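In what comes next, chain A is part of two complexes: it sits with chain B in the first one and with chain C in the second one.
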Partner chain A sequence: MHALVLMLLAADPTVAELLAKYDSIMGPAQFEAEATMTATREDGTARTYGMKFLKKDQDKFRLWFSEPAAVKGQEMLRNGDNLWIYIPNLKRATRVANRDNFQGGDFNNADVLRVNYQADYDGKLIDSDAPDAWCIELKAKSKETSYDSIKLWMRKSDFQPLKGQYFGTSGQMIRSATFTDHKEFEKGFTRPGRIVMQNELVKTRKSEMRTSRMTLKVDVPAQRFTQADLGK
Partner chain B sequence: MALFKLAVRNLRRNQRRTAITLVAMVVGVTGMVGLRGFINGQQDVLLENIIKGRLGAVQVHRTGYVKNVLTSPLQLDMADTPELRGRLSAAPHVIGVSPRIEFGAMVSTPDKRPQPEDGSDLPEADQGKTSFFLATAIEPESESKVTPRRHGLINKGGRMLPSADAPELVLNDEFARGLEAPVHPAGAPMPPIEQQLALLAGDRDGALNGENMVLGGTLPSFSAGDKRIGVVPLAVAQRVLRMEGHVTEYALALDDYTQADAVRDGLKAKLGPDYEVHTWAELFPFIKSLTGTQDFIFSIITGVFFTVVLLGIVNAMLMTVLERTREIGTMLAVGMRRRQIIRLFLFEGVVIGTVGALLGLSVGLLLIAFTHSRGIPLPAPGANVESIVRPWVSGRFVVGVLLGTPLGAALATLWPAWRASRLRPVEALASA
Partner chain C sequence: MRRGAFQLLALSALLLAGVSGAQEAEDAGTLEVPATSDAAPAAEGAPGEATPAEEPPPGFAHQVEANGYLANRLAYGRSRFSGLISTADLPQWLDLLELNAQLKVSYHPHGFAYADVSAIAQLGLDYRSLDSSGFEQTTMWRDAPGVRPLISLNELYVLHEFAPWLNLLIGKKRLTWGASLAFNPTDLLNVRKDPTDPTFQRAGAWLARLEVPLESSAFTLLFAPQVTESAFGIPYGLLAYPDWDSKRPDTDVHYLVAARAYFLVADTDVNVMAYFSNKYLDDFANKVRLGASVSRIFFDTWEVHAEGLLQQGSARAYVEPECVASPMAAVRCAAQVRAFASRSRLTDPTWLPTAVVGVRKTFDDDSFASVEYLFQADGYRPDQYQDLVNAYDGVAQARALGVNPATLMGASLLFPQASGDGSTPSRFSFAPTAKHYAFITLNKPRIRDDFTAQLVVIGNLQDLSTLWTPSLTWSTTEWLQLQLVGFIPVPGPNALAARLQSTGRYVSEYGSFPQLFRVFFEVRLFY
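Then we have the complex of A and B:
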């Protein structure tokens, strides 16, 4: 009997393993991707933003907006804990915060431009209400993270994220996400192709991120992740 | 009438007691009048700060704006036409019309020094900050008529926006201090763009946009809790929000803010169902409940005041009855009716009450006139604007005191009067 329990326990992945899996699926060490975000607002109108991503190393991101015309030419850059937005009007980059929302949608900047749950959160496995999924509870390590706590559901069979709930300082759920359309973007690399972020404070608001292309085999020049390269 | 004369004579007979009772009444009435006057003045300051410092007396929006879940929905905008402005300013009592846009914005401060050459991170203390605030976009010219108080309060060294298209903004002083943003001296050349502030905001469709700016001035807080606010030029805001020629709000100044309800009703009828009109009291219900609470507390305090004064009268009258037992006995013996005895004492109460009210009112009104012309400087809680309180009382209140005090005094005399009327003539005459 004891042996059986031990075996079952041994079969469970540790939280560290799960978080490492999540980070490697949602933010592989290096990639290039194209995506669109459709933000639906409380009055029912929606706007779609087109963008291109580039990522290198642990925490270097670059993002170019291609549409609509209002944001064309805007760029974002993350380097470590620094996050900048370049607005053509300003002719320079200004700093923005992790928790600020991403183009007026329901994702925040860190949701899109920082995937490093291993570094940002302490996790613990909790009882899952879905038999086929692991459920982890994450607590923020610092005040700089985008949420104070997160509940995350990951599929047992392949560790793909399925669902997330995101909580603010008061313990109130502020966002919830569903991860669907899991797709093998490249041989051996599968990730959700569609994430719907539901605003739990204003229920009529939600944003949908669709990844159309993603490749891990890219040659990324380091210079792309410097402030000087913004707007070029 | 004879009884009344008798009552006056009785009061004048024992001058010391009458004087003591009067002093108590005068102090009580003066205190009441003074307190009411002060509360009135203080409520005025509160209202002025809100109306002439922030809201305007009446506001016009697109229908649904005020009730919207978000505090400032940009979709509910209106074309800012001379025709619409004309219709608003043509309404009776309206002396100023100010177009505005309220929106959630961010202000981003520059890094204090350039990024280190070696690629290492700038220390956090030297990094620029981005903070949210509630921005009100205004045309300084029109706005100065609607919120002159805000215009007059710019801290030293700064200035209100010079024009509706100046690359300048005005922030709450504590907020600006938190951002470590210095005021840009008037007339000095603009700093290089990488050292300017950035005003960032999602445009009408939600896409982020921004403009470079400098801090033109800072404003003190009017009340607690309004730290993260700022004022920006309307034309600049319209560019950032991509809403050229559109506004979300008109704030109106009235020659008399107590006419706000009438102006609202008139405008509602004139503008039709596409627009909604609100008075300051509807936009800021907090102030109504605050003044309501104050009035309630005032009535409790005056109640206590009044009771103490009246108890003094009861006491003095009881003493009188005791002292004048033989006299009352005599009056009863010569055929005065018990009812008349009661009336006699009631008259004494009314006379002393009237004289007390008159004297107390005179002293109280003098005090109010004096403090009104001098003004009482008073720091409002949570705000760093010193407010000058100018006490006043309404005619209704004066009449109320004038009628209420003698009435109260008469009521207070009832019991002693009844006791006097119950005396038995024989026993009363025999008492020492």
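Then we have the complex of A and C:
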């Protein structure tokens, strides 16, 4: 009996369990965070954007840009499958698509504003080239998702994501990501503090997202996630 | 309503809120600017080595956020001095220097005051026009009204949230409820935006707004008094013309009341609007108008939208055809003191829609193409446009004969006055006259990373004249942007154009643009 319990404990987790873990780490049900994204372009120069995030429920996301001065005041909102951007000079919100690049960098809007792999992808465990990591192969459930398929490596000891490869409909790898600087942002909540998204089509391009602050203890009204709240 | 009561109340509230917020921030000894990018980056560490988290942020602290830009725009436009529209006040060279400041003072966890102000200095040189003998005359300097310095109070308001589901806004703000990009038929509040660059016009309207936002809907009620007196862009009269104004055109109360319901239904933005206005920026008295707009993304990258306004009658000025059919007819009308132009459909009970439908396709490289179609039922038919051209032609003839056209009844309606509300000077003022227009925008960002190319084409679909606006923007750094913009009006085919009675020359809408072409170069530094 004792041996059976040990065997069960040592058994591989299911893909559903791994995806649930990934979503709870990378997209907890609600949080507030501050981060910077540095986009390195083809000519080697870089642009840095400062931003604040707010998330509630599984599908409500709000983002405010604070840097640089040229984009300060821009806001983004996701509510379900709907995504809007508020541009201060336009003085109104405009709908945008999930697949649009996030501020011209190598993340797309859904990478940043939608982390719900359980809902968006089916997956299976495949052989991992790293002995300390699980490797999952994900296939998009619909054409609405950012990528057609994803390969994801998660550390066996604590389920933290380590690496990702993202593929387009042609099967070509279009992005790859490394997740590092795992940090306990709040007691009992650890996640990568740094994500580097490499553009695999244009190798000189990459974007780096650094999270400087993150808290899960937020209490925000649902009205913050409405189109009417943009630009306030 | 007592004259001036509203403006005093609104301005007092704004000043009190602004002073209170600033004072409290000062008292707290802090001038906090949220600077997420300045925060220390996460410590480098090997995967798996969890490091202690930073302390959570403190509770609310008064905050002052400031940003803005300094822009200089040098423009050259070749005057079409022999055209229908007088170019006497239009400089060929224009340099515009704008200092913009945007200040947000959070005086309370649920309230803030906001100001967006531009100080604008302009220098115009080289004015070309026709003299009384029909020859080109050049004036290097002159005091043209459009080239005077001004302060543009783009926005200045206080917003207070009494509960998450109830907030009040008082002040000047640019509110746009419609979904269209180039032209918003339901926007009855603001200075018209420039369809060649919808982000350029940032001036709003003075109003008080009560809003009830809910999870997937919002309900709004607003009251907007018209600015009746202003100096250098600063209003000092709202709602009615003051008694002391010897030139006051009427004693009416000028205002607009609007109600809006917004719903997010089936992933679609739906706005339903109702307006009641009395001589607010037009001549309609006690007028009810209805509006609606929808916007939705289809097939992941196709944004489709529609926006419409329904009203009875029109405030547009129409030319009396019998008065402009020939020079003799004009003389006869003048002798009979008949109006050359009038707002003849002001009380017309016919419901007249104005609508825009459009689609925007975003491509994988973030470039986009947008096409919009505008229909306005009260727009001029080709024969009515011919009447308008005849009237302008007649005015030019009268001037040449030494007759002041302002003395002709109704002629003043042909020359609408520019907004005196101190809004930012437009690159291009879009005042559609025909029934059918198309707007096409092609935008390609990040050509060699920092360059964005754009082409906007506005087409009058009745005479097929067009205005082409190519532009190239270079974001050299995160704080410096250079932009080169051209405006090229292209006449339509003669077969669709109106014709001048005096010379037989063909005239189409953009073919009669007061400039043959225009280019400008702008340098903008953000801070």
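In this text, the second predicted complex is superposed on the first by the 222 of 232 C-alpha atoms of A that agree within 3 Å, B and C clash if a C-alpha of one lies under 4 Å from a C-alpha of the other, contacts with A are read in each partner's own complex, and residues count from 1 in each chain.
As a convention for this text, a contact is a pair of C-beta atoms (placed from the backbone, for glycine too) under 8 Å apart; a residue touches a chain by one contact, two chains touch by 3 or more.
Note that the structure is predicted; figures quoted are calculated from it, not measured.
S.K.: After the chain A overlay, clash or fit between chain B and chain C?
M.R.: Result for chain B and chain C: clash.
S.K.: Is A:Q74 contacted by the first partner chain B, the second partner chain C, both or neither?
M.R.: First partner only.
S.K.: Does chain B (first) or chain C (second) touch A:Q160, or do both, or does neither?
M.R.: Only chain C; A:Q160 stays clear of chain B.
S.K.: State whether A:G105 touches chain B only (first), chain C only (second), both chains, or neither.
M.R.: Touch partner of A:G105: chain B, not chain C.
S.K.: Considering only touches as defined above, state whether A:R194 meets chain B (first), chain C (second), both or neither.
M.R.: So A:R194 only meets chain C here.
S.K.: In the superposed arrangement, which partner chain does A:I87 touch: chain B (first), chain C (second), both, or neither?
M.R.: Once the two structures are laid over each other on A, A:I87 reaches both partners.
S.K.: Applying the document's definition of touching, compare chain B and chain C: which contacts more of chain A?
M.R.: C
S.K.: According to the stated criteria, A:M51 is in contact with first (chain B), second (chain C), both, or neither; which is it?
M.R.: second
S.K.: Contacts for A:D181 in the overlay, against chain B (first) and chain C (second): which applies, first, second, both or neither?
M.R.: A:D181 contacts chain C only, not chain B.
S.K.: With the two structures laid over each other on chain A, which partner does A:V202 touch: chain B (first), chain C (second), both, or neither?
M.R.: A:V202 sits against chain B, while chain C stays out of touch.
S.K.: Between chain B (first) and chain C (second), which, if any, makes contact with A:Q227: first, second, both or neither?
M.R.: It touches chain B and chain C both.
S.K.: Which residues form the common part of the chain A surface touched by chain B and by chain C?
M.R.: Common to the two interfaces on chain A: residues 41-43, 45, 47, 49, 68, 70, 80-82, 87, 89-92, 94-97, 100, 104, 226-227.
S.K.: Report the residues of chain B in contact with chain A in the complex, numbered from low to high.
M.R.: Touch list, chain B to chain A: 69-70, 73, 75, 106, 108, 110-111, 115, 119, 121-122, 127-130, 193-194, 198, 200, 202-203, 205-212, 242.
S.K.: Which residues of chain A touch chain B once you look at their complex with the stated criterion?
M.R.: It is residues 39, 41-43, 45, 47, 49, 68, 70-71, 74, 80-82, 85, 87, 89-92, 94-97, 100, 103-105, 202, 226-227 of chain A that touch chain B.
S.K.: In their shared complex, at which residues does chain A touch chain C?
M.R.: Result: residues 34-36, 41-43, 45, 47-52, 66-70, 72-73, 79-83, 87-92, 94-101, 104, 143-144, 155, 157-158, 160, 162, 179-187, 190, 193-194, 210-215, 217, 221-229, 232 of chain A touch chain C.
S.K.: Which chain C residues qualify as touching chain A in the complex?
M.R.: Residue positions touching the partner: 34-45, 47-54, 56-57, 67, 69, 102, 159, 164-165, 167, 174-176, 181, 198-200, 202, 204, 211, 213-216, 218, 220, 262, 264, 267, 269, 295-297, 300-301, 303, 362, 364, 366, 445-446, 448-450, 475, 478-479, 481, 526-527.
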